[in-house]
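Alright, structures below, take your time with them.
What follows is a pair of complexes built around chain A, which joins chain B in one and chain C in the other.
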Partner chain A sequence: MLSSTVTSLTVLLIVVFLFKEGVGVFDKTAMEEGFVIAINKNNPVDKLSSEQIKNIYDQKIISWEEVGGKKDSIFLFRVDDISNFYTDEQIGENFEMLPYRLSSLVDSFPGVIAFFPEKYLDKNFKGKKLEADKVTLAEFFGGEEWFPTAHPSAQLGVKPLILGTLWVSLGAILLALPLALAAAIYMSEIAKERVRRIMKPLIELLAGIPSVVYGFFGLVVIVPLIQSTFGVAVGETGLAGSIILGIMALPTIITISEDAMRNTPRAMKEASLALGASKWQTIYRVVIPHSISGISAGAILGIGRAIGETMAVLMVTGNAAVIPHGILEPMRTIPATIAAELGEAPNGGLHYKALFALGCVLFIITLFLNLTVEFISNRKKAHKH
Partner chain B sequence: MYQIDENKVTRKKKRNQKFVFFLFGAMGYFVVALLVLILTFIIYKGASAISWDFITKMPEEGMTKGGIFPAIIGTLCLVAGSMLFAFPIGVLAAIYMNEYVKDGFIKKFIKQMTNNLAGIPSIVFGLFGMSLFVNKLGFGDSILAGSLTLGLLALPVVIRTTEEALKAVDNTFRQASIGLGASKWQTTRRVVLPIAFPNIITGLILSVGRVSGETAPILFTVAAYFLPKLPTSIFDQAMALPYHLYVISTSGTNIEESRPIAYGTALVLVIIVLFTNLLANGLRKYFSKKVKMN
Partner chain C sequence: MFKLESKNVDVFYGSSQALKNVNIEIQNNTVTALIGPSGCGKSTYLRLFNRMNDLIDGIKIDGQVLIDGQDIYAKGVNVDILRKRVGMVFQKPNPFPKTIFENVAYGLRVNGVKDENFIRERVETSIKQVVLWDEVKDKMKRSAFELSGGQQQRLCIARAMAIEPSIILMDEPTSALDPISTSKIEELIHELKSKFTIVIVTHNMQQAARVSDKTAFFYLGELVEYGETKQIFTNPKQEKTQNYITGRFG
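And then the complex of A and B:
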């Protein structure tokens, strides 16, 4: 009794912990902690999104007009630039005059935007401090850049990661599905029992190989192969990930769809054969339609496995967090991002929480896929009775 | 009048069928060939790296020489720890679900939860383990935290195989036992469990194989890149085989030079999987023969 409660509790606990940490990301600002962004007090701009801040910092946005302000060029001031404006004596030996100087500097340039540490904020600061916005859902899911350690404002757009995951998983399923279906049909309908009895455990063995071994195999065999076949600069591409994930998804799809096909009532098959249909006609007119729900369940579980797979993907896809345009580019998936970055993210910080939020996204996707499978097989049962 | 040439139709049908069947057969064998290819590649490349020293010595010179002894010990600790956690809970949960709970909402709910647990990606287990065991409960990066995380991952596997084993026990055994006046618990302990035992053990062995190869859950809960000595308590960090393979094949300082070690480590992992699978299959056969003889 207690023990099965533990099982159910675990799932709930996972949900609670994951979401508690993950949702925390929307309670934080993308600004680096302890930094201030200040502008001239006559500047009408009140808010900047983290993307805008980054673009200003990279000097991609050079006029206030582009962010809803006056027609005035942006004067970017970093705290290191202070020596261009004041001498060492004016700042003071221990920077004791720095807060005051910063204040008057911001006051005297109308187009200024200044980034500096919070400890240098003057008590009577004459500029306007920009309130950093909290990370919003729209930014999280709509942002096109994932760069959580960017200075001074982290970029937390998960779009490239979600797209990377989709590309790799879809590629995998496109490769695996035809192969797996053919193998399943062969095993359940065509092969002799003796052959089947050898093949089945072998294919189950394929499921037992650790993902890190698949990743290693991909790294030393498939990656160089792709590099030489397609003449790309780096072989670590989405395609390499798709191939490895495809191989890994094979046993799941084969086992489940083979089981479904073998469950086709013998009477149905015999009826079809007796009417003069060939064995092949029987397979694709009777066996496949009858087991279609099992086949789709297998396919969905295969996708689920591909989406959640971490190590193999991490090792072969190249991990570039940019929006992919083709299968021959390096990509980065959600699980690979978590695995690669969590070790470096400071505990409890924005980056850490953002990675937990990614975990939530992953959890929701796989839960949705699992429930779909459940729904399909339940409907099938209801149909029978 | 239009006459159907029956022979022609049959011939066409037959030709189609022959072609399609050939195709399916080829694809089926292709899948098997993939497996054989991967295995022979790892075995061929790894065989030259494996020696007695390789599995009993510490790594040397930035992982380019020496052995993988601490990683093997670490993995053994993790497997033992996770099984100590998952096996009793999993088996008890399965017994409870199969023998005691009546069909209804609770059973459905527990089943659904177990299924969901099985579907959660391993990296999410890693996140959870880090947040609960490492941070909240303050175990730090330790064998304890890693074992618990891996144990949670193995739980649904253990539950599922045990349940299947229990379901395979013919109901007449239970009825006979109850009919002789045995209590429910006596029936379960003296009749159902002994019959289901071989299959339960098989499930246990298979989950050992699975746990020993998992990397993502241990990344942030226990695994260390290099430790000069073996772990002495359950609160120590440990090296582990799958993590070792990951690190030396992707981010080591001398990737090229440590390749032989990587091949060797991959081979050890594959051997563990092959061994557990063979053992499980062998046991299954052995026990089923024994049952038949009685």
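And then the complex of A and C:
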């Protein structure tokens, strides 16, 4: 009683902490802290989203017209470019004249967009400072790019990561389910008791292998195999992750499905056989329908494990944070992203909070999966009596 | 020629012998009751006729079991086809987790019948035969688990009959049922006799006396006495039989 209360409380605290930090990302601006973006005072544009800023700096947007301004073409200005316009004397030995020069430069180019540290903002700045927006939910879930360290504006689109996670996990389950079902059927319906007693612990042993070892196996065996089989440039693909995760999910699915199948009442199987059904017909028409909720629970818990898995995936999927279009592309999953980036994200900063928000997304996905399992097994109980 | 026949049958579970040299001959369209104390081998004997014992690890069967004069344990006998000719009803009702309709249709479907009209007709006839039609005709699409125990057992009999076997084996079919359901099933057995050869295991002496033409009394794996039911219950030749039917042991 006490211990379960303590456990629940701990879990609750962790979840509260996770969400408190994660939600904090929507209180931050995507713009780099301590920097300003300024434009000419006659430019009608007031706001730019972080994606627009990025596209401007990547020169994918080259005219103000594209972001709701005049027909002027955009003149990109970074603070380092200042020496192209003024001599060292004009700037001053300790940059004391820099704020003034920046101000007049922004004032004299109608199409300018300037990015510079806030400390060089002149007191009588003649340009227009763009207000940085807070990160929005739409940006977070709709953004197509995950690049939290981008200058001048971080890209926090989680779509590629969510899609990467789903692709890899879905691939894993598609590969694992038929194999696991075959193994479960063999163990519960076909194998002799002696064989079963050897196989069962072996399969449970699979679950005990550390995921780094699976990662090594994937890197050394699966990745080169994919590279040569499919003739792709890099073998580190979503498929490699799916294969490794599929193998890792096998023990869960096999064990749970096998238990469910063995729970099929003997009388029901005998009734089927007595009606002239073959062993396979009995398996297919009686055993599997009877244990279908156990099998689905096993499959979902298997996916759950796959979705949350970090290390092995990090090692074999190539970790490209771009929207995947097929299983043979490098992908990056949510857990792998958190594991790889958290160490480098400054504590409390935008990147840090964004990773926590990712953690929340992952938590919600797995919670949803677990509730589904709960629902399925409850329905099974209700169905029986 | 006899419908069912066993010649010098011995059955071993591992090293323990469950049946010892059992010889029985059963006529077509008769009801035979198998009686005897618990563990004497009645179920083991019954399950020889549809080779249900084959599923058990470490079982060994010697002697001959014949249906229509053919040894069903001979090489090359297709067990699935054999079981289509021999229906079985179990001690506890064991419907499938399917609809009432699909339960009865199951045997036809696994035997490759595709004609839905034919299936519907056979399902209906079978359910009418077990006098269940009026009770279930409006809920054929409901789960079989929604029926009472007695209804479920009659459904299981209908399920066995749907594939038109010539033999029906029943292992204590009424032991889990109330008196009313029991008498319904006993009446049914009477009616089915004209079409099927029935072998029934029962612990209920009155039931054996009421429904069967012949009775076989087993004791510790041996067939002690086999004969006309009337004779077994009124004038048994063996003292053991006498003691058992009068309730002195068992």
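A few notes on this one:
As a convention for this text, the second predicted complex is superposed on the first by the 383 of 385 C-alpha atoms of A that agree within 3 Å, B and C clash if a C-alpha of one lies under 4 Å from a C-alpha of the other, contacts with A are read in each partner's own complex, and residues count from 1 in each chain.
By our rule, a contact is a pair of C-beta atoms (placed from the backbone, for glycine too) under 8 Å apart; a residue touches a chain by one contact, two chains touch by 3 or more.
Being a predicted model, the structure only gives us computed values, none of them experimental.
Shared-chain residue A:347: touches chain B; no touch with chain C. Residue contacts after overlaying the shared chain place A:187 against chain B, while chain C stays out of touching range. In the overlay built on the shared chain, the residue A:362 is in contact with chain B alone; chain C does not reach it. The partner that reaches more residues of chain A, of the two candidates chain B and chain C, is B. With both structures placed on the common chain, the touch criterion links A:215 to chain B but leaves chain C unconnected. In the superposed pair of complexes, A:268 makes contact with chain C only, with no contact to chain B.
In the superposition on chain A, A:199 contacts chain B only, with no contact to chain C. With both structures placed on the common chain, the touch criterion links A:104 to neither chain B nor chain C.
In the superposition on chain A, A:17 makes contact with chain B only, not with chain C. Shared-chain residue A:280: touches chain B; no touch with chain C. Once the two complexes are overlaid on chain A, the chain A residues touched by chain B in the first and by chain C in the second are 278, 281. If you check the complex, the residues on chain A that touch chain B are 1-4, 6-8, 10-14, 17-18, 21, 178-180, 182-183, 185-187, 190-191, 199, 201-206, 208-217, 219-221, 247, 250, 254, 278-281, 301, 304, 307-311, 314-315, 335, 338-339, 342-343, 347, 355-356, 359, 362-363, 366-367, 369-370, 374.
For chain B in complex with chain A, the residues that touch the partner chain are 13-14, 16-17, 20-21, 23-25, 27-28, 30-32, 34-35, 38, 41-42, 88-90, 92-93, 96-97, 100-101, 109-110, 112-117, 119-128, 130-132, 135-136, 152, 155-156, 159, 206, 209-210, 212-216, 219-220, 242-243, 245-246, 249-250, 259, 262, 266, 269-270, 273-274, 276-277, 281. Residues 192-193, 265, 267-268, 270-278, 281, 285-286, 289-290, 383-385 of chain A are the ones touching chain C in the complex.
Touching chain A in their complex are the following residues of chain C: 50, 52, 55, 57, 80-81, 83-84, 86-88, 90, 92, 94-98, 106-107, 109-111, 143, 145, 156, 159-160, 163.
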